[in-house]
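In the two assemblies presented below, chain A is common to both, partnered first by chain B and then by chain C.
Then we have the complex of A and B:
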């Protein structure tokens, strides 16, 4: 008991909150499940009546759970791609080709001391990463990843996206202001100036798309781009896309516009005094922002879930039921046979490989094969799976572009950054808007 | 002197730790101002703030500390605080005999150590009237020009890194690594070579070094030009560097600038031509100059110098004479009383040594003139009026090495 009391005493305030709230939530979920089991229909009726709320909670949970893995993948991608551009090897120690390194980084960040500097405004300091992270997650809520696969389909989804995404700057400013550090202060102020300036061209550049599509619902904007490559909005709004992408780079604080965390100038900007998981939240939010901005680019300009060419339809006539009892044998035997078949070459071709090493390799390979097979089957069979695959492929193409920029370009100066926003991007986006509007009026959309 | 909060500030005062809550660190010295300049600098006008940059900062090239007085993002004034890397090299050299003194000078400008050896060696040779074999002189020129390339390549990388580019620094390190590897085959060390001796060099050229050098020379020019593509044609890089930290010829001469920083303002002053030493009169090379005097000119000038160094290395390899690499000298030399001054053209400028002998086996006085230190004094002229982001770029373009600044 003393050990528990001591452990409790050592917890920080947020730790105490987490350790109280999480068990309570677990109890709540358990109670809900038991309630559904016991009272059955009545509870289901209530849930069905409030399907909007249920959907929101479900989607928010899924996004929160999906955010760290996405961030891990992008961080690993960035480390590896920049390493290759630098003629280095990059991460290659943890996991195959170093793929687990970012996960281990995440765990490390989780275990580090949660440090609040003396003199910092503790409340604001604690909440700043939460605001930044939440803003990113909330703006992801409206992104349609596939037909039917979205959190909420507002009629003002685009407006909501920019409104909630703009909250990020509040978090950055909170972090910069409350850290009691001049580097943080400079970083926070830079963040405010930069993001407020770039919100304008970012928002104006998509107005052309809104005019063309006649709606702000992202779902229907994607629907307007159905067909082949030529129907994507990027070919009807090339200038809009250019302005949008540059402004998105600045909005996501990516090189060459990463003023807010310019480590050669202001150490780490707003994140200078942060450590542990608070820094982790900033870090995750940055990479999730990269993902979200890439996804939005894809949705607005690159056809969303539509394939670039209309692919021939493949019909799979799979009827597992017809196998009868054979299905059971297949499910039981396939892993064993697959493991043995895939592991055998490793055992036979290299005498130093022990048999159990070969078995482990075979099992891992079998899992990979099964996952690939399931993905392929789902892609062929379901619209939403194919759409998800296309969105992810295109999105990671843009993530790669962001990483490529980071590997190549130095940073622009603060006044050059502002000059670009106000002297070039804003007139360009206005021009794009006028030309689009005139064309729609003259040609009739 | 009190801090902005009006409290007596002293990190040594235990009550500060115990009773009071520690405030924000104001980089104000804990003693009353000693000069008018100090009093003026450490008084804040309305809307200004101090930013203490360094000694631990990602891009101060070592342990330089600069107290910046900022108005928003613009630098109003600055106060460089030196001495964090002071090791008393001059005094150490005065307490060592002539041979031992050379290795103390190695880590001064640690990215171009051979030049740090060359100046004292030349001074001691003048003191003792030593005739250096011609082959040794050629080897000195060859190895030090290699190191000049390595140092300039590293400069280009740091320059880009201080502007936020991640890739060029690693490309430069690849170039530097190849050079340093071949020098380690020649001298046995990668960084602090301790290769030059009074009267010659420590060892003759060996097969390992020559094969690496030959291999490298076949692709050095192409590799150098390929590396440049990432920066010279980069709009962001060029736009940030052009017109930044401009210094005119008169001011540059008044600030005692030498080397690439002076030549970037249009003065073709190079010790190798102005006060020829070693075998440089026999070698054909140009002295590149530029007239702009800004950061871009300083950068491009170093790019040109790499090309000239490659020319010199090529000639050295073709004209290398046979013979001994070391003059016949006693183990312990005792020069006649007298004084000697020797200057070499280092990658950063004039690196000079002034040595006084009193007839014993140790130098009576040993004084080092270091270009990094001299160039660093002009940041006070160049920085005010620029943005915080440019302070690092301007400082990097002067290419100071803190090991040499603090001695």
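Then we have the complex of A and C:
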């Protein structure tokens, strides 16, 4: 018992929260499943009556679970792409083509000492990364990733997005202030100044889109862009898109506007005193932000889940249900046959390959083929799967653009940063707003 | 042209994109080894800095590290004060000490440098005089030196290099080519019986090793 108490005492505050919340969640899920199984329709009726709450809990859980893998993928992309642009090879040791390196980085961060400096305001210091991370996750709640695939669709979704996304500043200020370090405080203030300055052109630049779409609901904004490439808002709002993208770069603390936590410099802005997983959460939040801002760019300006060209509908000739007992045989035999067929070339063509190596390679390849086949089947069969694929493809295109910018551009000076926001982006976004409004009034949109 | 705003960014991004797709020169060393000739030891090249000045400070570290002592140099130091040129490429330990003394103004002993043993120069001078200090008759000189001293001491080779003008490395190469020339004194005669007694055991061991390796030789 004392050992348990001692272990509990050693946990940091987030650790205590996680250790309490995760079993509670598991208990809740188990209770729900058992309840549905035992009482059947009654529980489902209760859940259906409270669909809003159920949806919120479910989506928040999914987003929290999906956030680390997405961050890992983006961190890997960043390492690999910038390395290739620097004429290096980049990560290639852990996993195939080094793909697991970012995951290993995450585990490393988990194992590092989580240090609180003397004199720091421990509570605020601990909660700052939580606030930053939560703000990112909560703002992702309204993003529609596919038709019907979103957490909540407010009529004021866009307003909500910017309001909750603005909470990040609070987290950064908390981190800078509570570190008991003047450099951190300066870094926090600088971050706050940058974020607040760039939020204004960021928000104003999408007002043009709102005027054109006549709604702030992201779901309906995407619907307005249905059709082909030319219906995307980027072609009706080029200036708005430009301002939005530059401001989003600054809002996501990305190069060339990553003054707030310049990775290469010793004093890492507000995060100077952070170590271990609390620093890791700041880091995660940054990469989640990159993903979310890319997704928002796609949703607002690049047609969301709509394909650039209306693709011909493909009908699957074969209905799996019609196979009857044959389907069972197929499911049982396909892995074996697939593994053998895909592994055979490696065994036959290269004499040094051991038979069990060939089997492992064959099994891995079979898995890849099956995943691709399932994705292809889902894309053809379901609207939401096709939409998700399109949104993810476009989003990662923009993630690549962010990384590309980071691999190319040098960091701006802090006065240039502020000058760009107030002297150029703000007038440009206002101009865009007025021109759009005038055009809508004149044309009678 | 250059007044179009953002053009520099576009050009920079085009450059990084070209780099992104460019082939990479990195060789993943432990798994992949570069295909280079067996005796390739790299190319000696003097680098110039951005002002066109030689970067070499004639510190002799490269000459000291060179396994075949093929590096020799001359030049000015960084302040242009000394014209250094050392004769035959030879005892770089000595030169290192001299170089350090010249740079710092105080002796800097190099613990890695073992000074070679001195010899009585009289027989060697006689041999050199007899062969007219002619580097073309190097083999005869070396054989006579070995007859006089029992082996070829480093000090003798150094003196031969100085007197004949041949590079130490070439003299060393000549001496190491011929089986009957040796650099160390032969073993004492009373050790011969012991060595002969050890030979059957060594042969047995070698045969056993060959058998266990089944003809394959480790690289």
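In the analysis below, the second predicted complex is superposed on the first by the 420 of 445 C-alpha atoms of A that agree within 3 Å, B and C clash if a C-alpha of one lies under 4 Å from a C-alpha of the other, contacts with A are read in each partner's own complex, and residues count from 1 in each chain.
Definition applied: a contact is a pair of C-beta atoms (placed from the backbone, for glycine too) under 8 Å apart; a residue touches a chain by one contact, two chains touch by 3 or more.
The structure displayed is predicted, hence computed values, not measured ones.
**Q** State whether chain B and chain C clash or fit side by side on chain A once the two structures are superposed.
**A** They clash.
**Q** For A:407, select first, second, both or neither according to whether it touches chain B, chain C, the two together, or no partner.
**A** Both chain B and chain C are touched by A:407.
**Q** After the superposition on A, what does A:267 contact: first (chain B), second (chain C), both or neither?
**A** first
**Q** Comparing chain B against chain C, which has contacts with more of the residues in chain A?
**A** With both complexes superposed on chain A, more residues of chain A are touched by B.
**Q** Of the partners chain B and chain C, which touch A:357 in the superposed model: first, second, both, neither?
**A** Touch partners of A:357: none, neither chain B nor chain C.
**Q** May I ask you to decide whether A:86 touches chain B, chain C, both, or neither, giving the answer as first, second, both or neither?
**A** Touch partners of A:86: chain B and chain C.
**Q** When the two structures are overlaid on chain A, which partner does A:220 contact: first (chain B), second (chain C), both, or neither?
**A** Touch status of A:220: no partner.
**Q** Considering only the touch criterion stated at the top, classify A:236 as touching first (chain B), second (chain C), both, or neither.
**A** Neither chain B nor chain C is touched by A:236.
**Q** Taking the options 21-29, 165-173 or 201-209, which segment of chain B carries the C-alpha atoms that clash with chain C in the overlay?
**A** So the stretch of chain B colliding with chain C after superposition is 201-209.
**Q** Touching chain B and also chain C: which chain A residues?
**A** Common to the two interfaces on chain A: residues 85-88, 407-409.
**Q** What residues of chain A sit close enough to touch chain B in their complex?
**A** Touching chain B: residues 82, 85-88, 118-119, 180-183, 186, 190, 255-256, 258, 262-267, 406-416 of chain A.
**Q** Spell out the part of chain A that touches chain C in their complex, as residue ranges.
**A** 81, 84-89, 92, 404-405, 407-409
**Q** Using the touch rule from the top, collect the residues of chain C that touch chain A in their complex.
**A** Chain C reaches chain A through residues 9, 12-13, 15-17, 19-20, 22, 24-26, 28.
**Q** Of all residues in chain B, which touch chain A in the complex?
**A** Going by the criterion above, the answer is residues 21-24, 49-52, 57-59, 73, 160-167, 170-171, 174, 230, 234, 236-237, 239-240, 387-392.
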